[in-house]
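The following pair of complexes shares a single chain, chain A, combined with chain B in the former and chain C in the latter.
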Partner chain A sequence: MRLGAFPFPAKVPLCPSVAIADTSPGPDKTKVRDNQHPQRNFTRNQSQTHPLAIGPNPKICQLMDPTSQSPPTKKRKMASSTTTTSTTTAAVEQEHQFPLPPILTHPSSTPPILITQGAEGRLYKTTFLSPSIPCALKYRPPKPYRHPILDARLTKARLAFEAKVLERCRREGVPVPAVYAQNAAAGWIAVEWIEGAPVRVKINEWLGSRPKNEEEEREGANKDQGPLVELMRRIGSAIAGLHRTGVVHGDLTTSNMMLRPPKASSSEQTNGVTEEGEKAKLLEGEVVIIDFGLANQSQSDEDRATDLYVLERAFASTHPRAENLFEHLLESYKETFGKKGVSVLNKLEDVRMRGRKRSMIG
Partner chain B sequence: MPDAKGRRIALGCEGSANKLGIGIIAHDPLTGEAIVLSNVRDTFVSPPGTGFLPKDTARHHRAYFVRVAKKALAASGVSIDEIDCICYTKGPGMGGPLTSVAVGARTLALLWGKELVGVNHCVGHIEMGRAITGASNPVVLYVSGGNTQVIAYAEQRYRIFGETLDIAVGNCLDRFARTLEISNDPAPGYNIEQLAKQGGRVLLDLPYAVKGMDCSFSGILGRADDLAAQMKAGEPGPDGEPFTPADLCFSLQETVFAMLVEITERAMAHVGSNQVLIVGGVGCNERLQEMMGAMAAERGGSVYATDERFCIDNGIMIAHAGLLAYETGFRTPLEESTCTQRFRTDEVFVKWRD
Partner chain C sequence: MALETLHIEHVPADHHVYGALFRDVQNVDFLQAQLIGKNPEFEYAFIDASVIISRTHLLAAIFRALNTLTEGTLQTPNVHSDIVIGLSPTNNISESYRRYGLTPSKTRDVLVIKVVHPKVSSENSTVQTQTPESIWQHLTTHVKGTSVPLTDEEFAKSTDWAKVRKYYKLNGVPGVERIDKQDEEGRKREMEGLVVSGIALRGL
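So, the complex of A and B:
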């Protein structure tokens, strides 16, 4: 069951927090540093490229619980007839290792695909209202180890908070996925599907395509790194935009940012583009920040600096070859954020000196 | 020197908190097996409503060191000649007790002409847990009165993924036991656990403080203390009925253990492991083991835990970890045989693992 099969007007409440950890082995997983932060990734499967979906009505509506009312047949028919853009690679019913959340158990033309299973929840790709509108559904299943009352309280509060933060960012123009619908009590939130790939993947792809030879690398360093520097600057300004709205992410990593390719490029790709051209395009696109499962509302320099510090550490362990480019990110952060940015960066110095860890007695 | 069977033997002295423990272990180089020859412990227990103070604890350790050492030696059946090295806790821990035991260890080393090996207390717990349970490369939750850490091994170090930002979980439980004036014998945490089994009618609302892979307990303790004061004043609970110390203990355990399991699960997802090993005094708690088991089962993994002989501070773990280091050539010269209150788990270079 796709959300697409649901009729319904949704009123969308907003916000919770979902932390999902990527369990797949990746370059960033193997390099574990003592102070490294968890990487909760909503890593999208690259093989699935989907049209970018814009929420039908960003001010959403309350999704009715599908179990309480069966979807009208009329709508369902319509849905199946318009299945033109839906998942091509994953049209096959996936064998689900985990029981699906109830919201995904209704018959639908586009079966849900499990994208990732993290510590806290699972991310499914499904569709919203119409099969042509892909969406990401985050589901926090009940934790059997936790007292049911405590579990329900936590799940609800975290989901509701995440939706609230996303809505706020959206309103302020920060590039984040739109919230389509949520049911905090049932443990899920449906958000806009962001096309493209995580920044982590793109950077590694780009670094991987560059000359391995160290000398060559040093010589061409400045010239070659142009697009990457450009990307770092875009990331910096996206984070500044986020912080300006009074939100700190809590888990910034290059896995928690998507690079949404410019619309035109998808059509071009089909007519043989030169390798050079493709490489140049690799790092193009808009930086969209995702996974606000650990987000908080805060305006303090300290919290903002900690946010940057977490990213700095994660970046250094994930992309050691590009570690020296982090300053460009900070530079652009400062430029976008103005005076505030300067004081955050000063605070960042303190945070770095302090580290996150203390010696403990015991 | 190796004994008649070719085994290496170490004597370990532990006294970083209120337990004085001396144990003797043998490593069989052929089978790689660790054999516990003796494991003697004497605990300094303070009266209900109080905690153990460093100076009283240090006095206890000094008073009992010789007695415990003799008992351990007699129980092991080895002769002094057969012992290869004397291992002691270098830290972390309380200064006074650590110093007392370090003096004792130095004395034995000089008296018997043995070499010294300083051991990190946390690494001792981890290595002992691995040896007893057979867990090969687990995510480790180390929970005790002084430490709360989520640890995983990578590249020659035990890396700390998450930890408490303020007090240790065991400290939170111990101090709450003091609030309720529960007995400290055999351990405050044990008595809270027993009391919690009688509670559960209501789950009292306590803060839940997880930040990424770190967590915090002081706010929870503060709130629990407030609730205890309300209870003593005869105020009703959330359902209008009066609540009991058992309900408080139940709620406290459910909340703090859920936090611990959550951060452990995050670390497991992060490093891609499905084994979890619980060590440290709080690790004896059966409710914690049960919750961890439920989480691990869901991830298709398993939980490894030990009983009070090895969970609670003991000399054998110091002997074991010390002997592992000794076998790689590590020694602590007499003039460097200091101890320290602060000694992070990730400072130790783990040469004995791949």
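So, the complex of A and C:
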């Protein structure tokens, strides 16, 4: 089970009920929840000290719940009640770890879930207006190490910029999350929740299902990489669309792209699909670019080439086995972008030679 | 039909939002006169229903106004007028009143929003704490129109898309134009998204 591999909260050893939980059989396998939805890059260990971020793992819930001293068997039977009690304890725990942004302290139908923590802010999954609209709320807490006035100004400017860039992309038809609401002065922005998983996860899943043996891999290398090549091409044209609107992302990685699964295909899935068909489905969907926290408005080839260079380096280190497919991405970028694309790719050669910083200042 | 309580996520528990939609209202000039005369009994947000495309659109504007209320950064005298200008993607307040508020002899369908929050009752001691019943009573005696539920279907019936497209600058936007003309639903959904972000981004 995937969840079992994740680090436990730092608090665990302090809890007196460790022995009870340890003797109990493994956690309920039916309760695997999709936790592969970080909307931004982050350090896994930090965010996953929070049990809700890794899904309701009954084992942890037991450890955290002071009332769970009853025999484990009874606990597992009441699986649903376990999750509800754990939610409340977890909410307290979360508050203890990070205070919620003021906007999220007001009542909502479901408690906000901390998805990930980045260098500058935190990302929560919550709801917008009505319980049926999920949204991602990005919060930049005040930084105690900066002067308050400077801090307020920087936070506001960065959030405002991010919101404006998203709106601009949306208007131009680039697939990005829509802005739902913002309060730059208070340090938060709520954007559309993108279903699916990051491209990074999907590519690794795809590569993971390929033969591990080196010889086999060499044989299979030129065979059915079709869907992956197709995905690379979709990424390329999405980036070209972004650059065409005059926006450079600043932090392009496969973690900052989501693969939104196509709608209304659930009816087909249940009817005995072959393994091959299932694999092909893995990489289906629309590429949505997320996290514009470092974005900039620029029309210059230099900045665009740097954007591609950053992605190239990130791609090579996260998916070394698919590195050779990067050329497909560039090719499709060129096709979508036309003449400009050619000059960007020429510039990319220069950037590769010297690294992403042109001036060596700062 | 009665007054509807609107539940919005992440709004303080002591703030209550009520809404009602009236069709074919006969006395729009009277209602507008009360607003201009700053009659404290008519502290409502009166909205021209033809610029509202959906519930989400309406709630987004209310949510924004409630946020400014709790932050104490209202741009207009009270939260109700902030709801009306909250619908606007631009900063021009008087233009927003004209576009989204009541226009005598033009507005037919009137959307009424009432926010009850603790500050109001403490400031205006003359106005007693208002209950949904008393608000409804007051509205039915003064608004001459037929009440209909606040549903997406009812909003869709009265939406003036030409106006919406103009006010929210949605004409010839590539993000909408790239969607197939046949896919009316998809286009409307995309436009709703742009309208909501327009509301969210005002003032940036």
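We adopt the following convention: the second predicted complex is superposed on the first by the 249 of 362 C-alpha atoms of A that agree within 3 Å, B and C clash if a C-alpha of one lies under 4 Å from a C-alpha of the other, contacts with A are read in each partner's own complex, and residues count from 1 in each chain.
Going forward, a contact is a pair of C-beta atoms (placed from the backbone, for glycine too) under 8 Å apart; a residue touches a chain by one contact, two chains touch by 3 or more.
Small disclaimer: the values here were computed from a predicted structure and weren't measured.
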Contacts of A:250 with chain B and chain C, given as first, second, both or neither: first
Touching partner for A:103 - first (chain B), second (chain C), both, neither: second
Which of chain B and chain C A:154 touches, first, second, both or neither: first
First (chain B), second (chain C), both or neither touched by A:146: first
Partner chain(s) touched by A:120 [first = chain B, second = chain C, both, neither]: first
Chain B versus chain C as contact partner of A:309, first or second or both or neither: neither
Common interface positions of chain A, toward chain B and toward chain C: none
Touch list for chain A against partner chain C, complex: 103-104, 106-109, 126-131, 133, 160, 163-164, 166-167, 170-174, 178-186, 190, 192
Residues of chain B that touch chain A when the two form their complex: 16-17, 92-94, 121, 144-147, 149, 152, 154, 157, 159-164, 168, 203, 208, 211-214, 254-255, 258, 261-262, 265-272, 290-292, 294-295, 298, 341-344, 346
Chain C - residues contacting chain A, complex: 7-13, 55-56, 59-60, 63-64, 67, 71, 73, 173-178, 193-194, 196-198, 200-201, 204
Touching residues (chain side chain A, partner chain B) in the complex: 19, 21-25, 29, 32-40, 118-120, 143-147, 149-151, 154, 250-251, 294, 356-357, 359-362
